[in-house]
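Take a look at the structures listed below.
Same chain, two partners: subunit A is paired with subunit B first, then with subunit C.
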Partner chain A sequence: MRTDLDPRGAEATALDPMAVASYAVRRLKGETDDTFTLELQPVDGAARFSFAPGQFNMLYVFGVGEIPISISSDPLKPKTLWHTTREVGTVTRAMRQLKPGAVLGVRGPFGTHWPVDECEAKDVVIVAGGIGLAPLRPALYRILAQRDRYGRVVLLYGARTPADILYRSELERWRARFDLEVYATVDRAMSGWRGNVGVVTGLIGRAPFDALNTVALVCGPEVMMRFTVQELQRRGVRAQAIHLSMERNMKCAVGFCGHCQFGPWFVCKDGPVFRLDRLREWLGKWEV
Partner chain B sequence: MTQRRQNRPPHSPSPRAADRGRVRFDRPEFGRLLGGLAAQGYQVIGPTVRDGALVYASVTSPDELPVGWTDEQTGGSYCLKRRNDAALFGYTLGPQAWKPYLHPPTVRLWRARAGHRELDRLPEPAADPPKYAFLGVRACELQAIAIQDKVFLGGDFVDPWYRRRREGVFLVAVHCGQAGGTCFCASLNTGPKATFGFDLALTEVIEAGRHYFVAESGTDRGAAVLRDLSTQPATPAELAAADRIVADAAAHMGRELDTRGLKELLTRNYEHPRWDDVAGRCLTCANCTMVCPTCFCTTVEEVTDLTGEHAQRWRKWDSCFTTEFSFIHGGSVRASPRSRYRQWLTHKLATWYDQFGTAGCVGCGRCIAWCPVGIDLTEEVRAIRRSDGVTLAQQLTA
Partner chain C sequence: MKTIADLVAESAFFRELAPPYQQILAGCGRNVVFKTGAFVFREGDESREFYLLRAGKVAIEVDVPGRGAMIIQTLGEGDVLSWSWMVPPYKKRFDARAVELTRAIAFDGACIGKKCEADAKLGYEFFRRFTVVIAERLAATRLQLLDLYADRP
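Take a look at the complex of A and B:
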């Protein structure tokens, strides 16, 4: 009874942009209290999933619904797909209940990506807030895989509390590297936390990078991104070198449903990753 | 940013075919036109009178057209009236354009069965949508179709549901002989004369005891349909009469919109107090987006059966006037009615230019007539233009 289902996402999507491919859950890994990572593999095991860091998929849970989730895996390992998700509502809750072997529908990849190539020969500052680290992780993997092509690489990460820090062991490993500077901060500390306390924007002023020769990649709640952008510019980073990933409601991911509009932009296809100078006039406005 | 292709969709009628001459056929011949289209396998959809309004529905004979009817529209009102002649197209517009036929209010995207190893997506019934001939398409409606073509066919992704319906549609335009009280197509250069995108274009003339149509074809298949009718070359007097009728409609637009610097005007007045003013009147009922021939937004709903084993994905028209439309975790982006009206108006008249190269409004006036409280976008724009640059703070201290 299997029909027009084609696990090779991109080609099938071109024919029928709402068609999903079947992926099986290989593993569900709890990250923090309210976040988890799904490791997915195409049911047709042969397929590879090519994507660029910063792109997202539409994930469909049978009988529940479909939502946009960024790809958080390594683009150089396209055989398995990771999605790190925060449980906030109906679909994400259902997703967390999935057991290994369960089947999900996947459409994608969609959207623009982090300009990793443009970062070459420059310092790279990655600023993430909360779950915003998930779409940035593939960029870090890419950069670390060819580390010598880049200048200083700095990750500034903010979470609500120490318990909310995502990818903790990976962050520890990265922090131990000499070629990657990792600074984390929390809004509220708990006993035992010896790191920074305060918003992530507070880290920007002292982070080691050459503002005039830096590319910044930013993802987090919209308010956090507004302040981050201000701080980066105060340090002298040009708007053309700052990239942000925006979030809007999405029902189609291909420019048909209109839900993701942000001023003149369709976040699903013109974004989610935008260069600041293209967004600036809209970023300062409310309820856009 | 992804590159958007701006070229014409492949199926749009080719530029003018050889047959450029305008011809005349008389009213009794009209039945043959319908018959000819039907004989070619088209399901003819045209204006009919239903429930006190003009509704585009299947027509098989000229008697089913709104013979001798006209409509009157103004802010918040629409009614049908009798004419003192037997015109077939003596009205302006009905509440719905052709959108429901090309971009249906509900579409089942797919259905699936819970599988063990995979999602079992079941094939949709392969039945092709009917091959439509649209009869009585107004100039503004042709422009609206061209606008939706850009949305669904002109980007990196093509919408297969729209494409299947749009491909092969035969378009019979009828130039407007009367402009409605809410019309302003002349301001936007979208009417009242149809200038592109049709297979056939007609002007209905009732004068000095005669009732005839002046016809021109826009495509080869239009010319072929015309050849099967009994036509005469139109005389200079008949052509002049036809042109006079359309010119008269152009001169009697019920509304007007000054489009000079419109996009910039609205963009720089994003915080204008008029948005609060209109939000005080707007019921956010979404009527305007439902009747608008260019609004394309949809949502997707999941429907499951009682066993939980079958699921269906339905696409349905949606509106930026609802709070859920912009919902993301933590709340709606556009929580206030002010921001939702602003999204609607600025999308139509400002950001649409950035997205698709034209306005998202064709000046049909439907949103004015079908607004329960008679909000008139041309008036809202005029108010903003009158006090361009004013902020709320300035107004309060004035």
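Take a look at the complex of A and C:
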């Protein structure tokens, strides 16, 4: 169902996928030691950037290269774009050096999105691992903007260590809400940490949701997602109600180059968000 | 006030056990409370008991020289803590510390062992439940070992 709060429907994808728009860096915020968020504004100042939660953009650092990064901002605030990424390669290293006012190229938005409208009247379980929280954040913004349309909303988040927890202050704000259940865990911690230690899949068994009336949105490392699926299904969540955001080597973003092929799918065009029953036979197959 | 038998019957771990067996096992349990920061047990202690956590949170820790105590896992309400009482050399292998005020039922391992030896069906039902716990912990530990969120280009 399309709503007045949803500026674009399911068809939200760039009209001219190869057109690069100029965006200026408004702010670069360090999130953890190796992750940061770029806040971008269109150079022409007036343009709105409409996208659906879960979609991604191709960000082009001129003279260095272009990479796909999921959009992590609020889809209801289309004048600024946030992209959270990890500093792992040449382009992201160059990106982290950008100063406010620097210009980069943006193509997008691309790909499928989280089925936020499908979640209405249902419990929603969001399972995120590591930087996988970034593409899920827009979905959570959307849900919280229309909170009364949903049942229980549960966020389960796993990070490597307490220092690697993404959007920490925002997680704390979310946890303080009465209408959102937030459970976080880390894989390891030093004594003195008062939170949970253990894998994120361990949170699923005791999370408060009605498995038969739940939609699950999952993003994180692929192995984590596979085990998350097992736990969700053990709780009784149907495959048709589980959605995963896949990651592959996306280059063109429109299904031309084939770099991101995953079984019969191109992750850039047919994904990145897939319903589990479309993916199930390919998950865990090392050949793909 | 609830009896140990009531608490055993309500626990997810023992809930589906036949009531007569719940009563037998309850006879081996006692209520315990650990204040925040208190050790439930220390590495190297004789392992005579296991715990069914009723409320609170316990961190399983190991001291790493030069780095301090590292938390391997936290356990909370409904979880079972410790299985070293079942296997030689019957010593606690890690420290366990209450991260917050923790209430638990402590079960006497020798008492349970005798009951299980006397009734093989009870022994099967009891250790079947423990096997599930051990398998789940092993699977979780394997995932942790993968260090899935580590920085990889």
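FYI, the second predicted complex is superposed on the first by the 270 of 288 C-alpha atoms of A that agree within 3 Å, B and C clash if a C-alpha of one lies under 4 Å from a C-alpha of the other, contacts with A are read in each partner's own complex, and residues count from 1 in each chain.
The definition used in the following text is that a contact is a pair of C-beta atoms (placed from the backbone, for glycine too) under 8 Å apart; a residue touches a chain by one contact, two chains touch by 3 or more.
Model, not experiment: these values are computed from the prediction.
J.: In this superposed model, does subunit C or subunit B come into contact with more residues of subunit A?
T.: B
J.: Between subunit B (first) and subunit C (second), which, if any, makes contact with A:V43: first, second, both or neither?
T.: Touch partner of A:V43: subunit B, not subunit C.
J.: Just to be sure I read the superposition right, which of the two partners does A:V88 touch: subunit B = first, subunit C = second, or both, or neither?
T.: Both partners.
J.: For A:G220 in the superposed arrangement: first (subunit B), second (subunit C), both or neither?
T.: second
J.: Could you say whether A:E287 touches subunit B, subunit C, both of them, or neither, answering first, second, both or neither?
T.: First partner only.
J.: Would you check which partner chain A:R96 touches, where first means subunit B only, second means subunit C only, and both and neither mean what they say?
T.: Touch partners of A:R96: none, neither subunit B nor subunit C.
J.: Quick one: classify A:R152 as touching subunit B (first), subunit C (second), both or neither.
T.: Once the two structures are laid over each other on A, A:R152 reaches no partner at all.
J.: May I ask you to decide whether A:D16 touches subunit B, subunit C, both, or neither, giving the answer as first, second, both or neither?
T.: Touch partner of A:D16: subunit B, not subunit C.
J.: Do subunit B and subunit C touch any of the same residues on subunit A, and if so, which?
T.: Residues common to the subunit A contacts of subunit C and of subunit B are 86, 88-89, listed in rising order.
J.: Give every residue of subunit C touching subunit A within the complex, in rising order.
T.: 57, 59, 61, 67-74, 76-78, 97, 99-100, 139-140, 143-144, 146-153
J.: List the residues on subunit A that touch subunit C in their complex, please.
T.: The touching residues are 34, 86, 88-89, 129-131, 158-160, 164, 185, 187-191, 193-199, 201-202, 206, 220-221, 223-224, 227.
J.: Going by the contact rule set out above, which residues of subunit B touch subunit A in the complex?
T.: Checking each residue of subunit B against subunit A gives 1-2, 109-110, 112-115, 117-123, 151-152, 155-160, 267, 270, 296-300, 302, 304, 308, 311, 313, 315, 318, 320, 325-329, 333-336, 338-339, 342-343, 347, 350-351, 354-355.
J.: Show which residues of subunit A lie in contact with subunit B when the two form their complex.
T.: Interface residues on the subunit A side: 1-5, 13-20, 22, 24, 43, 60, 62-66, 86, 88-89, 103-105, 112, 247-249, 251-252, 254-259, 261, 263-264, 266, 269-270, 278, 281, 285-288.
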